[in-house]
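What follows is a set of structures to go through.
First subunit A sits with subunit B, and in the next complex the same chain sits with subunit C.
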Partner chain A sequence: MSDTVGIVIVSHSKDIAKGTADMVRQMVGSEVKVAFCGGDPDGGLGTNVSFIIDAINNAWSPKGVAILVDLGGAETNSEMAVEMLESDRRNMVVVCNAPIVEGAVMAATEAAGGSSLDEVRAVAEELSAS
Partner chain B sequence: MLETRKANGEVITGSVKLIHAAGMHARPAVKLTKLAKRFQAQISVRTSATAEWINAKSVSKIMTLRAARDSVIEFEASGEDAEAAVAALVELVAADFPDSDP
Partner chain C sequence: MSVEPATLKSLVKAAAEQVIASAPELTALDQAIGDGDHGTNMKRGFEAVLGKLDTIGAQPLDEALKTIGKTLVMTVGGASGPLYGTFFLAAGDALSQKRSLPEDIVEVFASAVGAVSNRGRSQAGEKTMLDVLYPVLETLKAGVDRPDVIERVRATAREAVERTVPMQASKGRAAFLGARSVGHADPGARSSCVLLHAVCNALEARP
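So, the complex of A and B:
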């Protein structure tokens, strides 16, 4: 199969990030690359820009990467991580405005069909449109 | 239980009884959507209890289908591969959504 958009999950909790990634892999399958990160470097709750950058690079696909986040800092740190990427990758990464678990499963389902980054984002964001 | 017929020339329809123990929940919804996306045809789905047709390629809409066990799922497709699409989707539901990771 051709390339599919990669999915990155960023939560304040490593357990939530990992659990969400597990759900995506089990429900959608292994054709979509999924990376996750959560927690601060000391093992507490939080998000960390360099962890997010690593996750984006791990899930990298020529079609781009969609990021799903939970609360506040996860979003601002993800945006910061995107700005710190190499310039050719920066425009191929979006932070989705969607609930983290549902958004990740739906984004990955859409990505599995070979959809573009814009289509994947739109499907994830359908959840917060109404 | 399995019925595929050609109606009105271009539109292919099919219906199948949902035997999944928990009805149409998240995992079957993902499988159905993924399968539908493999076809070029326009595919709609509904349960026999509801009048509204929904896009079988929209995972968020399929998740809200909330079909219960023993309800009948109806498909309607048009386009070049519509017949194959309806046959495959009916088979997926009839076989109770088997795991088929590539």
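So, the complex of A and C:
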């Protein structure tokens, strides 16, 4: 089994989301699936449930998906997106309580080693433990 | 309430049009203490609801509420999409569980408000839409059978928005402003008031 936990990056800004994904790819490599989204449907700043659902599906792995978010609305929208997934996928996606850039890099590094979703989340969330 | 499809459609249409018309006011409020997108976001969401009016009007009330909720979740964006979406989804869920309107309105409304509170991890007094929804729930509890209940709901909502002015925000983008959020009405409280007033007016105008 070479499956690794997928990573989704959700920012209010598409540029921040893309830049974070670029950093993950450069630092961790391409074996971990990384998807990102940001901005509202009109191109402004914001987060949007349907974009997040698409990103989760793009990063989907049988081992699950860890989501990294920036500000409040990104978290609320991500939680909503998870609830709107098919019921068999819902329990395999977590929203990590971690800073978006550091969390994404740490989570992807852990995922690349084949860790479980719980382990990936724990490593990301250690960053905000203090 | 056996809601006739035509009644449901006109109710939803009136509410959506009222929110859309209020977009500039909501945006102005949000520019003062948030990121200035509340009006645009709500307008986009309720335009999408208007686009589904025929579907919504043909559905049983519980399914219609869920369609409205899902549409708002998918189109509004910001934090208000999930919050308003959750309100309607939860109201639809409550109705699906063998409750009916108007006799179970208090229970249905309470479920919807509780779901919004959970979604936003917020309580009354934090300068949010809940500061309108909870007082309205109390007004409904206090006398849903009173002949003047519609007027009382309207007045409660209006006064509740005013009471958010001196509050300090601790949730949402306005929380970053801390004490500087004091002195402005909360945009989410105002949009909840707009919606409630539209529904009240439409109910009153029924033949």
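We adopt the following convention: the second predicted complex is superposed on the first by the 129 of 130 C-alpha atoms of A that agree within 3 Å, B and C clash if a C-alpha of one lies under 4 Å from a C-alpha of the other, contacts with A are read in each partner's own complex, and residues count from 1 in each chain.
Rule of thumb we're sticking to: a residue touches a chain if its C-beta (ideal position, glycine included) is under 8 Å from a C-beta of that chain, and two chains touch if they have at least 3 such contacts.
Keep in mind the model is a prediction, meaning the values are calculated, not measured.
After superposition onto subunit A, partners subunit B and subunit C are found to sit side by side with no clash.
Shared-chain residue A:Pro41: touches subunit C; no touch with subunit B. In the superposed pair of complexes, A:Val49 makes contact with subunit C only, with no contact to subunit B. Angle at subunit A (Cα centre) between the Cα centres of subunit B and subunit C in the superposed arrangement: 150°, in steps of 10. With both structures placed on the common chain, the touch criterion links A:Met27 to subunit B but leaves subunit C unconnected. Touch criterion met: A:Gly113 reaches subunit B, while subunit C stays clear of it.
By the touch criterion defined above, A:Asn77 lies against subunit C but remains apart from subunit B after alignment on the C-alpha atoms of chain A.
Least inter-chain distance for subunit B and subunit C in the combined superposition, rounded to the nearest angstrom, is 28, based on C-alpha atoms. Residues common to the contacts of subunit A with subunit B and with subunit C across the two structures: none.
By the touch rule above, subunit C contacts subunit A in their complex via residues 35, 37, 40-41, 44, 70, 73-75, 77-79, 81-83, 85-86, 119-120, 171-173.
Only residues 1, 27-31, 105-106, 109-110, 112-114, 123, 126-127 of subunit A touch subunit B when the two sit together in their complex.
Contact residues on subunit B toward subunit A in their complex (touch as defined above): 26-27, 30, 33-34, 37-38, 57-60, 63, 101-102. Interface residues of subunit A facing subunit C in the complex, by the touch rule stated above, are 40-42, 44-50, 71-73, 76-77, 79-80, 84.
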